[in-house]
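Next come two complexes, and both contain subunit A; in the first it sits with subunit B, in the second with subunit C.
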Partner chain A sequence: MLRFTFRRLSLFILTMFVLTIISFSLSFLFPGDAVINHSGQINATASELQILNTAYKTDENIVSQFFAYLQHILNGDLGQSMASQSPISSEIRLLLPATIELSLIALIISMTVGIPLGFIAAIKHEKLGDNVILSLAMLGYSIPVFWLGLLAIHHFSVNLGWLPSAGKLSLLFEIEFVTGIQFIDILLSDSPYKWQAFKDATLHILLPACVIAIAPATIFIRLSRTVMIEVLSASYIKAARAKGLSFNQIIFRHAIRNAMIKIIRHVGLQFANLVTIAMVTEVIFSWPGIGRWLIESIYQRDYTAIQGGLLVLSCFIFIVHILIDFIYAALNPLARGKKYGS
Partner chain B sequence: MARDKIYLEEVFPSPFMQLWSVFRKTPVAMAGICCFIFLVFLAIFGPMLAPYSPVDSNLDMILLPPAWHPEGNVSYLLGTDELGRDMLSRLMYGTSLTFGLSFIVVIISLVIGVIFGSLSALTKGMKSSFLNHFFDVVLSIPSLLLAIIIVAILGPGIGNTVWAIAIVFIPQFIHITRYAVKEEFRKDYVLASKLDGASNFRILYYSVFPNIVERLMSQATLAQSAAILDIATLGFLGLGAQIPLPEWGAILANGLERFYIAPWTVYLPGLAILFAVIATNLVGEGIRHALKVRKEN
Partner chain C sequence: MMNNKALFNFLLLIISFISLISCSEGDTRLTLDERSIIYCSEGSPESFNPQLTSSGTTSDATSKLLYNSLVIFDETNNQLNSSIAKSWHVTKDGRKITFYLRQDVEFHQTQYFTPSRKLNADDIIFTFNRILETDHPYHFVSGGHYPFFHSVKFSELVEKIEKINDFTVRFELKRNNSSFLANLTTDYAIILSAEYGQQLINQGTPHHLDIMPIGTGPFKLKDYRVGSLIRYYRHDQYWQEKTKIEQLVFDISPRETTRLTKLLAKECDVSSYPIAHEIITQRDDLTLESITALNVSYLGFNTQKKPFNNKLVRQAISMALNKKAIIETVYQGKASTAKSIIPETSWAYNDETPEQIYNPKKAKLLLNIAGYANGFDMDIWAMPVQRAYNPNALTMAKLIQTDLKKIGVNVKIISYEWSTFLRQLSQGKHQSFLLGWSADHPDPDNFFTPILACSESKVGNNRTFWCNKKYDTLLAKALSTNNVDERKQYYKEAMALIYQEAPLLPIAHSKRFQSRDNKVIGPIISNFGGLSFHNVYKQNHLKALKQSSNILPRIEVIE
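== the complex of A and B ==
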């Protein structure tokens, strides 16, 4: 396990290094001066520009420029937003928790809906149930998320009036920002209307999270179906059946456990996909997260913000990726010995 | 058992024909390919068949509902938008933008990906390992995020969208070609032609490619359905096709403000995207199913 940890950590560091190279080179690819793109100070005076030039070592070669940039990032200085002139790290600190909350809840919804449906489809392989579930999965996989979001708002918020259509909490409630994750903040606050706020936050997150969850859920359906069919045809299932175990015992005690291990392995890859969908959904539902902020900063040609957003969002995805790898390795001893890429 | 075709040579269908014979027997896949061909036809001939211009406004016919609605007008079959532009014509032109461009995207990234993928499959050691790690990094950045970043560099516009999405899709083609070529190179028939003295390039071109082309096709359909969604999403966000262009995502974004008084301006382009993606996915699903059946026989 120690070697496994070491290997994953070195992979993480390497990946982050490549990402910072990409982010660094973006400054040169974007229109405008690289130093201003690094720092975001568009209104810098001549003397301020001088300080920036020495800080980012622009008169030295490209390698020392990169390390100067890397040092700024490691110190938590991502520059300041060109549009609002406030530090990007503090803006991200406010926005990232909302995205984490939304995407994790969507991941949980998609897994709790998708995996059991996939198992049912596998157990009823090549029967009516299997075909119905597969066709639904195909539909959900093909639907454009922004359209689905609009239809959901139209139906559930406007026509039926069940759920709010925008934002993450009603303005009536005043919740202090502690962690940024709405539910934890509400539970920590000492407001007398705590539970009303909790209910309101749940109603707000329900619609966007379900819209995000649909596409990953269909992928989980297909994945768990394939894995389950594979597991059910394995010899140990045949042995369990020969022992005289009942159908429920075989499924719950042997098949599901073995299938889950293989599914967990793929959760990390799906997460990147889910975050992409979440970015678009945030725009539609006016969710105050990093995806909406990133797309808005493209409209405003805020290059420093785009760089910072790319770096932080990809970093978040990698951390989840590696966490899931650890969970997988902890559950499946066979995975620990394998070399990366083999 | 008596053979009824005693004088005829026994025919062994080529791998591609075997695939087609399985594919033909799946009704859903056939329905998918019919829709797909219909879309290709529209993408090529749509601009000639469209009854009206997609960009010229007609201020007498503003926000006309589709023809089946009591207030609809038969000469505007799917209604008009807020400038009196015919929705049907706009959607037909949009086919060649959204669906047609997704074709171009996939072909660009397929060609580049296959070239680099086969090159990286033939290299060994440090270089190969570095390439592998690098593409794994690029693959794990969400594709839309990367496309958005590239659009931010190049500036919004439909041409830049095509390049951005094509660049984003290259790594997955490299990945799949690399694995497929490596797998084929371990097989005996490659060894046979190697012993005949064929060069690596010759083996690749005459022996390996015919055997992996179906796998590439199945990946290409997956990529195409993703490309349609990505082009439409970028158009919807205002980063792809710009205002007058009848790209499906852009039409949808355009109808957004009047969603409640003219819902068809949002429903119809969405349905068009859904139809195109489902048709592409059905074809892909059919190819994958046929590949599986062929492997089992």
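== the complex of A and C ==
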């Protein structure tokens, strides 16, 4: 296990190192002065520019420039946004929790819908149920998310008036920012309208989370179906059947547990996919998350924000990957061995 | 195992959600939603002090919500009414105006300011001296520009402001000007707190006066996030009846489609400038309303240049234009035909005012008399920007082009970038032009003088360069009297003169639209000035009837 942990950590550090090199080189590839792209201080005076040049060591060679940049990042200084002139790290601090919240809930929805459906399809392998579920999965996978989002707003918000179309909480509620995760903040707040706010936040998150969940859910369906078919044809299932266990006993005691382990391994991959979908969805549902912020930064040519945002977002996805790997390793003793260490 | 965990989380969420619904339904008190109103506005205010701007978005979000003025304009009878000043007295020569203030006006108490006294004469003097005196400690804070007061030449008009006692203030004017009181009713002439000003100077943050506002209005500012929201709380010590709603939120949504979606999805109760009017009118739970704004768009002629130095030619062109078709096309019917330069909602408007009627045959005849039997070539300068009074000047120019071709006049359309356009116009390089005017306050003088007075042709906005002594005398007479009937008579004559001389052809007065949920009762938009939420409340019924009785009579409810 120690070796496993060590391998993951070294992989993490190496990947982050490569990412910072890319982000560092972006400053030179974007138009404008590299120091200004690093720091985002577009209105810097001559003396301020002097300080920046010293801080980023622009008069030295490229390697020491890179390490100066790396030092800034490690100190949590991602520069300031060219558009709003406020520190990027604090902007991200405000926005990233909203994205995490939305993605996590979408992930939970996609797993709770997708995995059982996939199992059912596998059990009904090559029967009507299987075909219906597979075609639905194909359909769900092919629908573009921006179109689905607009359709959902049109139907559920405008026509039926059931769910709100924008934002993460009605503006009427004043919830203090503590963690940034809306539900936790609401529970922590002392507002007399706490429970109304909780209900409102739930209504707000349903539509965007479901829209995001559709595509990953279809992938979970196909994944769990394949895994389940594989498990069901394994010899220990045959042995269990020969032992005289009932169908339910076989499925719940052996098949699901073994299949789940294999599915968990893919959750990390799916999470990256899900965050990408979430970025587009945030724009459609005016969700105040990092995806919308990043897309706006691209429109405003806010190079410092693009750099910082990409770095933080990829770091976040990578951390999730590693976490999932650890969960997988914890669940599956086989994975802790030498050959899985890579 | 993971599956169980995820399932557990999800179940927990659902259970808590269900329990919430059940407990909130049992509650008989008003919900937060019923105590609050969300207004979807079209933009962020530039400042929280309307004295500093001329933008409608800013005065909408500040003037009538956060502040009061000395006097107000009562739309029901077109007269001045008391506000912070409970009464006032004007001397016979019209040069001394004394205001007697109410003694029960409380300022806002907020996290950043606690008033120790009620409003008194010092606040009035503080407010207006900031604009008048360049050595006032606040004059140059936030830029030192007071566009409205500059446009009405406030500092040239006011000699001094005197404190008679704690609740009496006297304005001394250099000359009589009957629109002076009307200027004080506008959204820009609001009253600030002198005590707050002093506190900020002591703290060394004077610029907070205009961004963390303290006023006497029905609401106080709670929270402002640029580009996102403005939150107001009710002012509980308001000197009039306090508002029924406790919270007012401006949801800043610059995109028109977002505002429409939010209105339809019930995320906002009232929406400014809605699009897709048909969809709103089709819905039983929404109301679309409109008012005619105080503006005018017109086709002006350069009266100093051939052929428009000839009155007959100007009349002929005016007659040849089909205004109705223009309004249908350019405004999509969202405007009313302008008969003269002031809208019908102004008190100075007179039904007997003659109007140029569409008559191409007579136009052709007039051209013959004027010696242009074979027509002529002319240019029209179409403004390159969108304005409330004219959403598309270029299309308007094209329609005029087609109309004029029928009487043998060839039109060339000219357009420059906006600042170049204005500069070239002021140099008189044009023959005719499409422009407009938005009034700052309801006094009719605000239309007659800036658009057509002789003095304005040299330094101001009069691009027709029309200089008529009789017209100027009429305006001067109207300003020197305080008798409303006399003033009406003078303005009637002035309008008749404009009709005869035709220095310009008034085309349209555009309308301002707003839509609201039927649950929201009470007047919000008015013909003059910004939004008011003072008498607005929510009906505690699920299905409210299409109401109209609570809306002021001038506001059209579009069925």
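Basically, the second predicted complex is superposed on the first by the 337 of 342 C-alpha atoms of A that agree within 3 Å, B and C clash if a C-alpha of one lies under 4 Å from a C-alpha of the other, contacts with A are read in each partner's own complex, and residues count from 1 in each chain.
Everything below uses one rule, namely that a contact is a pair of C-beta atoms (placed from the backbone, for glycine too) under 8 Å apart; a residue touches a chain by one contact, two chains touch by 3 or more.
Small disclaimer: the values here were computed from a predicted structure and weren't measured.
K.L.:
Using the superposition on subunit A, tell me whether subunit B and subunit C clash or fit.
P.N.:
fit
K.L.:
Can A:327 be said to touch subunit B (first), subunit C (second), both, or neither?
P.N.:
A:327: touches subunit C, not subunit B.
K.L.:
Check the residue A:76 against both partner chains and state whether it touches subunit B (first), subunit C (second), both, or neither.
P.N.:
Neither partner.
K.L.:
Have a look at where A:158 lands relative to subunit B and subunit C in the superposition and call it first, second, both or neither.
P.N.:
Touch status of A:158: both partners.
K.L.:
Should A:30 be classified as contacting the first partner (subunit B), the second (subunit C), both, or neither?
P.N.:
first
K.L.:
Can A:198 be said to touch subunit B (first), subunit C (second), both, or neither?
P.N.:
second
K.L.:
On the A-aligned overlay, A:15 touches which partner chain: subunit B = first, subunit C = second, or both, or neither?
P.N.:
In the superposition, A:15 touches subunit B alone.
K.L.:
Report for A:142: first if it touches subunit B alone, second if subunit C alone, otherwise both or neither.
P.N.:
The first partner, subunit B, only.
K.L.:
In the superposed arrangement, does subunit B or subunit C reach more residues of subunit A?
P.N.:
B
K.L.:
Could you tell me how near the closest CA atoms of subunit B and subunit C get once both structures are overlaid on the shared chain, in Å?
P.N.:
When the complexes share the chain A frame, the smallest subunit B-subunit C C-alpha distance is 5 Å.
K.L.:
Between subunit B and subunit C, which residues of subunit A are contacted by each of them?
P.N.:
158
K.L.:
Which residues, counting only subunit B, touch subunit A once they are in their complex?
P.N.:
Residue positions touching the partner: 129, 132-134, 136-137, 140-145, 148-149, 151-153, 225, 229, 232-233, 236-239, 249, 252, 256, 259-260, 263, 266, 270, 273-274, 277-278, 281-282, 285.
K.L.:
Would you pull the subunit C residues touching subunit A in the complex into a rising list?
P.N.:
Within the complex, subunit C touches subunit A at residues 1-3, 6-7, 9-10, 13, 16-17, 20-21, 23-24, 31-33, 36, 38, 222-223, 229, 231, 247, 249, 251, 258, 261-262, 264-267.
K.L.:
Which positions of subunit A touch subunit C when the two form their complex?
P.N.:
Checking each residue of subunit A against subunit C gives 108-109, 111-112, 115, 153, 157-158, 161, 163-167, 170-174, 193, 195-196, 198-199, 202, 256-257, 260, 264, 286, 327, 331.
K.L.:
Under the definition above, what is the set of subunit A residues touching subunit B in their complex?
P.N.:
11, 14-15, 18-19, 26, 29-30, 138-139, 141-147, 150-151, 154, 158, 269, 272-273, 275-276, 279-280, 283, 294-295, 298-299, 303, 306, 310, 313-314, 317-318, 321, 341
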